[in-house]
Structures are given as C-alpha cells and as structure tokens.
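Below, subunit A partners subunit B and then partners subunit C, in two separate complexes.
And then the complex of A and B:
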C-alpha cells in the first residue's frame, strides 16, 4: 500500500475524530493532527514551502488561537459529560453513515486500485512567481492582516464610562 | 492525462470530497461557535489540498504554492476575527450557542 493512501486515510480519520469527539480540547488536537497530515501530503505533492506554512501557521498558530478561545469560555462539568456524549452521538451518527456511503460510491466512481506519485512536471521558482507574477497578492495580504488586527482591536475595545 | 496522474487525481479527490462532507456536516450540525469554526477549518483544508493537487497535475506547483500561502494568510485572519466574535458573544450572552445571539436580530 502506498504511503500516500495511508496518509489520505489518516487525514479523513483525523477529520472525523475532530468533528465527533466530545471535548473541545480533543477537537483542537485533532485539527492540529489534520494539519500535520495535510502538510505531509503537500510535501509529497512537491509543495514544500506551502507545507511549511501549513505546519507552522495552521497546526501551530490556529491551534493556539482556538485553545485561548476555549480557555476563556465555559467548561463542561464532569457530571454533564455523559449526557453531552449521548447527545453528540445522536446528532453525529449520520456523519459516519454519510462518509461510509460516500466513500464507497467515490471509490467505485474513481476506480483506482494502486498508484505511484509521478515526478513533478516542471520545476518553477516560488520566489519568482511570488514576487514577479503575484506581487499584488502581497499587498492584498498586508491589507487583510491590517483589517484583521483592526477587527480584533474593535472587538476588545473598552467602552468609556 | 496519463494513467498515473488520473489515478493520483482519483485517490486525492475521494479524500477531498470526504473532507468537504465532514466540514459541511460539522457546520450544519453544531450549535457551538468554536465547533462551527473547526468545521470551516476542515472545509478550508479540503480547498487547500485541491489547489495543491491541481498545481501538481498541471505542473504549476509554484503558482499553487503562492495561492495557498495567500489562502493561509486569509484563513488566519478569518479565524482570529471569528474567535474575537466568539469571545465577544460569550462576554455579552454567557454562551457560545449561535441560537442565543438574539440581540443580532433586526
């Protein structure tokens, strides 16, 4: 079995665990694990720079942001956990059914028993593309980051009494 | 498209479509704002993998990587602002259940 198939299978399993687990902390750990597996797949698809970004930003920074958000909000007590677990299973058992049926249908549709990753079709320099072809994207990214910083500042602004 | 590339496309597309289904189900079935954001993250991860796969198959990995870097920057800003909204909602309503955000009604 190819390593890519194992990685893809683990990616889907990690995403299902992220969605179905009861505790939010476990969900966040599952999301970070999904990001790590996605980074490995990106590396396999000849995109190392995007893989590094995914690993550092999505697996690291976004997990920290979610952890901070969860730590500021209410915790579920141990007495509430069994009821929550039961309610969550009732609400999410349909997901397992849908994923299983959709997975089987898609496997039948694509019908691909084995594959080997071919070498990348053409080598390009990311730096050239980023600074010459897509240089306006950099300006857009700066504006988006400033807009995000402004948005957070507005939300946490203290009202004057 | 060669046989190898079509097989590659098939395997990755199965995982991408399943990720889309999982993310969409999480958004639709959750009543917790953090879980809705996690569902959105899974949808974005599926889109990211699709862009990288398209770049690999077309032989334009550098272009796909630059687009993914832009997508990650937008993703982080969306998540930071959405987490701010969640904390703001908790501060004002003592709950992160979107059904209880009745003050937003016009």
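And then the complex of A and C:
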C-alpha cells in the first residue's frame, strides 16, 4: 500500500512538472515519466496488460510524436526565458490555492461512502481482447494516429519551409 | 449493413492518402467525398421506409464491430450526411489551395467516421473513443487557418473537452466496476435490476452527465462555444454548429439518458434546470452580440437548451420532441451559418455594425436567412414550430407547466434578437460596399436553397415525418 502511495505522489509531481516547466522537451520527458509511473502503478494494481499498453503507447509512441512536433517549433531565446518562467509561476499560483481549499473542504466535510468495490475481473487473453473483442477500438486507434499526424502536418509543416 | 457507414469513409480516407498524385487532384476528391455523403443521405432517408434494409454487408464476416442501426441512428446518419455534405459544398467555394483542400477533406472524412460510429455504437467505451476522434479532427479543422482567434477558440474547446473526457472516462470506469461490461445492454440491465452497486451507477451517471454537458456547450459549460464557432473557417462553423457538438454531446445525452440510464427525480430536475437556464441566459446574451456568428453561437446554446429541457421531462413524447428539435436545429443552424459564410465571402466580415442593407444585393441569402430565423424562433408552419410545440406539450403533460411557459416566452426572445439581426444586416442602411467578389458562388447558394427547402418541407410535411421517422422512436425509449 505504501509503495502505491509513494508512486501516486511521484506521479502527481511528475505531472505538475510536465505542465510547469518552460521547455517543451522537458515537458515531454515529464509526460513520459508520468506514464512510466502510471504503468508501474497499473502493474502493482494487477493490470499488467494495461501497464504494457501505457508504457508502449503513452511513454513510447506519444513521446515520439511530441518530439517530432517539437522539432518543428522554434527554441525560446535566452532573453525571453526568465520572463516566461516568471509568467508560468504566476499563472499557476491560483491552482495551489484551489488545491489547498479543496483539500481542506474534503478533510472537513467529506464522508467516505459505504460501499464495497467488486473484485477485479481476471486478465483476459491479450489476443482475444485485441482481435476478437475490440475490433472497433483498434480501428479507432489507427484513425487517432492519422488525425494526430494530420494535425502536425497542418500546424507545423509549413513553419519549416 | 451499419459497418458500411464506418468502412466506406475509412477506405476513402486510405485511398486519398495513397501516394498517387492524380488522386489528390481536387477534381477527384470533391466528388468522391460529396458522393459518399449523398449516398449516406439517400440511404438514411429511405431506411425508415423499409427501403434498402436488405442490402448485404460484405464486411460482416471479417469485422465484429457490434454496430446497430435503429430509428434514432438512422435520423442521426441523415443529419450527419446532410450537414457534412453542405460543409463540403461551402468549403469547395472557399478553399482553393490544393494542400488545404487535401487536409480539409482528410479531416472531414475522419470526423464523419467518428460521428457515424458514435451514432451506431452500442458500447459506452467505444462511444467515448469515437467522440474523441471526432473532437480531434475538429480541433485541427477549427485552427486550420492559424489565426489568433482560431487558435484561441480551439484551445478553449480542447481544454474543456479534456475536462469532459476526464469526467466521462471516470464514469466509464465506475460502470465497468459496477456492471462488469461496457455494453449498453448490460448497463441498461444493471439500472433495471436496481443492483447492489447502485451507488457506483449513480456516481457514474452524474459524472457522465457533467462531461456531456460540457460537450453540449450548455450553460454553465458554454465558455468555448462562441469562440470556437465564430473563429472557425466558414465551412467548419457549419459542421461544428450543425452536427459535431450535436452528435458528440447532445446525441450521446439522448441515447444514454433516454434509452440506457434510468433517470431519477434528481437527474430530471438537473436536466430541466440546465435546459431552462441555457435557453434564457443564451437568449439574453444573443441580444447583446454584434457579430453574426457569435449571435448564432449563443442562439445555438439556447436551442440545445430546449433539447436538454425535453430530455428532463423524461416521457416518450418529450424524447420525440427532443430528437425532432435536434434534426431541425441541425438544419436551420447550418443554414444560418451558410448565410454567415455567404456574407463573409462577399464582405469579408460578419460584424453586424459594418454590414447593412444587403437584402436587395443578396436576395437568396436574405430570403433563406429569414426562413432559418423564423424556424429557429418557432414560427408556424416551419419545422422549428412543430418541434417546439411537441416539447411544450410534453412539458405540460409531464406536469412541468412552469418550464413550458418559460420555454414559450423564450421563443419570443429568440424572435426579437433574430428580427434585430435581420433588420441590421438585410434591411438596414447600406453600410459597407461589397468587396471585389460580388457574385455568390454556386456551392454556397445551392447549400442555402437546399437547407431552406428542407426546413420548409419538414414543416409542411410534419404529419408524414411524425408517422415515418419520429413515432418509431417511442419503441426505444424506456
């Protein structure tokens, strides 16, 4: 249990770093790290299949797509960097306040509902899930990748010219 | 048969992306996409008349998509076909650069795949996947011209969509935990059996509702709608306002909350309240707008409010009214956005302070916009009148007279802001002189006439539509 909590805490930290950091490359690393930690959590929660997908698709494939996209953008100049950094922190101060207030309200007023979670379903055969049960979702995944590639082409391809 | 609606646009998508230059020529692309959409319109028009139901599905043996076509899906396929076809027609008049044409058609094909699958699916997780696919294609379409406002509109839509996704995914996880499956049938059974996991089901329903209300763009989740609708290119505004938000938000709401989930009193009251607040707030907000497209966007929020309100009444008659208003709204709102495209093409602006006296110069746009505006306001015998009438009768018979009266009064408000728009743009003093291009393009004029004709025909042929398309809907409602 304690390892899960530590992993969850690290995951939140990695996610916060992903959105707080100024450099896009650092954001990609942060996102990949978040995915890796999420994969570890999924593995710990007896879902190795989901963990493998998270690791390969989110930490791997998605990071590569982001890297390609970032390669089409221009680097922020050193003169602009301090201002950007300051602006980023100013923008997220409100978030800290919201988290603190929400946490306080939860501690004071939230009562855990009385219900029992059903037992986790057994792992199904991967081949069965992919090729027999979720045909449509597989097609969906192909289309999502195509739409993502088109998005990159529309927004960033011309910048390189 | 239903899988053809997914695989045909997918195959077309693959074909246009093959590395053969002649396939990318506009002359081959426009008719191919337009023809496919016309075929969809023809099929879904005749489906309720029992014509074409026996067509064999050549892909049935290879793919197990679990799609099903019922009376609600066929109406949705008809709406998607008509609005996407009109969007393609408008784009053919407004986009000329070969590369942009290629990107536009690719993205519209992806959004059609997403929407067609969304209306045919019977699994809540796959439904989420295809709602996201539709949104993904539309994010790129809105910002395609890369203007500052377009990027801002897309960004707002993207962020709020991401929030909606979190709600919907969490809800799906709860349903999976409670039911052990994500199919509509299993979830419906779990609701009907009043199982021990009632708490998880209620939590899932509440979260899914929050996500869907964001996708619908109703008050108080409407922040992204005016920006996205007004900043998008003309052809994309038609698609977005006419069908995308309707299918990915309103249709899912109708399908799940009308035929799968069982609405308790709290949910009914929530829907009624959200509906009536959206109707009134957006109608008042429309009065203050000076941009044609922003006014239409607020009007859209208000009209979606009627659909949500009807759903809150939770009776089969109200459901029929909601679906008919969905159809009418998709058609007349697309018509009004095509009118906006026509003005934009001719004058280069949709700012109503800079436009005036266009009635004599743009006769088709002026006449068709009047039909669209009167139908939106619910003036008989146009289609909007009948759908609003059904909704108001359903509210009275469900014991909600206060909501019915407010909805009725808000219709008068709709008429007020649209008459003010009509007076300013078409009948006021001539403010701007037309830009270099003065001749309306065929694609836009044809779209205006087509949509206006459907609005009039749906009003005059209401009895036929009610018996053929709408009354079969009662069979799928709880």
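Quick notes on this structure:
Criterion: the second predicted complex is superposed on the first by the 99 of 161 C-alpha atoms of A that agree within 3 Å, B and C clash if a C-alpha of one lies under 4 Å from a C-alpha of the other, contacts with A are read in each partner's own complex, and residues count from 1 in each chain.
The criterion applied here is as follows: a contact is a pair of C-beta atoms (placed from the backbone, for glycine too) under 8 Å apart; a residue touches a chain by one contact, two chains touch by 3 or more.
Please read all numbers here as calculations on a predicted model, not as lab measurements.
More residues of subunit A lie in contact with B than with the other chain of the pair subunit B and subunit C. In the superposition on chain A, A:6 makes contact with neither subunit B nor subunit C. Touch criterion met: A:143 reaches subunit C, while subunit B stays clear of it. Of the two partner chains, subunit C is the only one touched by A:132; subunit B is not.
Shared-chain residue A:25: touches no atom of subunit B or subunit C. Contacts of A:151 after superposition on the shared chain: both subunit B and subunit C are touched. After overlaying the two complexes on the shared chain, residue contacts for A:110 are found with subunit B alone; subunit C is out of touch. Contacts of A:95 after superposition: subunit B is touched, whereas subunit C is not reached.
With both structures placed on the common chain, the touch criterion links A:81 to neither subunit B nor subunit C. In the superposition on chain A, the residues of subunit A contacting both subunit B and subunit C are 115, 117-118, 121, 134, 137, 140, 144, 147-148, 151, 155. Only residues 2, 4-15, 17-19, 21-23, 25-26, 29, 32, 34-35, 37-39, 41-42, 45, 48-49, 52-53, 55-70, 72-81, 83-88, 90, 94-96 of subunit B touch subunit A when the two sit together in their complex. Those residues of subunit A that touch subunit B in the shared complex are 4-5, 8-9, 11-12, 15-16, 18-19, 24, 27-28, 31, 34-35, 38, 41-42, 45-47, 49-50, 53-54, 57-58, 61-62, 65-66, 68-70, 72-74, 91-92, 94-95, 98-99, 102-103, 106-107, 110-112, 114-118, 120-122, 124-126, 128-130, 133-134, 137, 140-141, 144-145, 147-148, 151-152, 155-156. Of all residues in subunit A, those touching subunit C in their complex are 113, 115, 117-118, 121, 132, 134-137, 139-140, 143-144, 146-148, 150-151, 153-155.
Considering their complex, residues 6, 10, 13, 17, 63-67, 103, 106-107, 110, 113-114, 117, 121, 123, 125-126, 129-130, 132-133, 136-137, 139-140, 143-144, 146, 177-178, 180, 197, 199-200 of subunit C touch subunit A.
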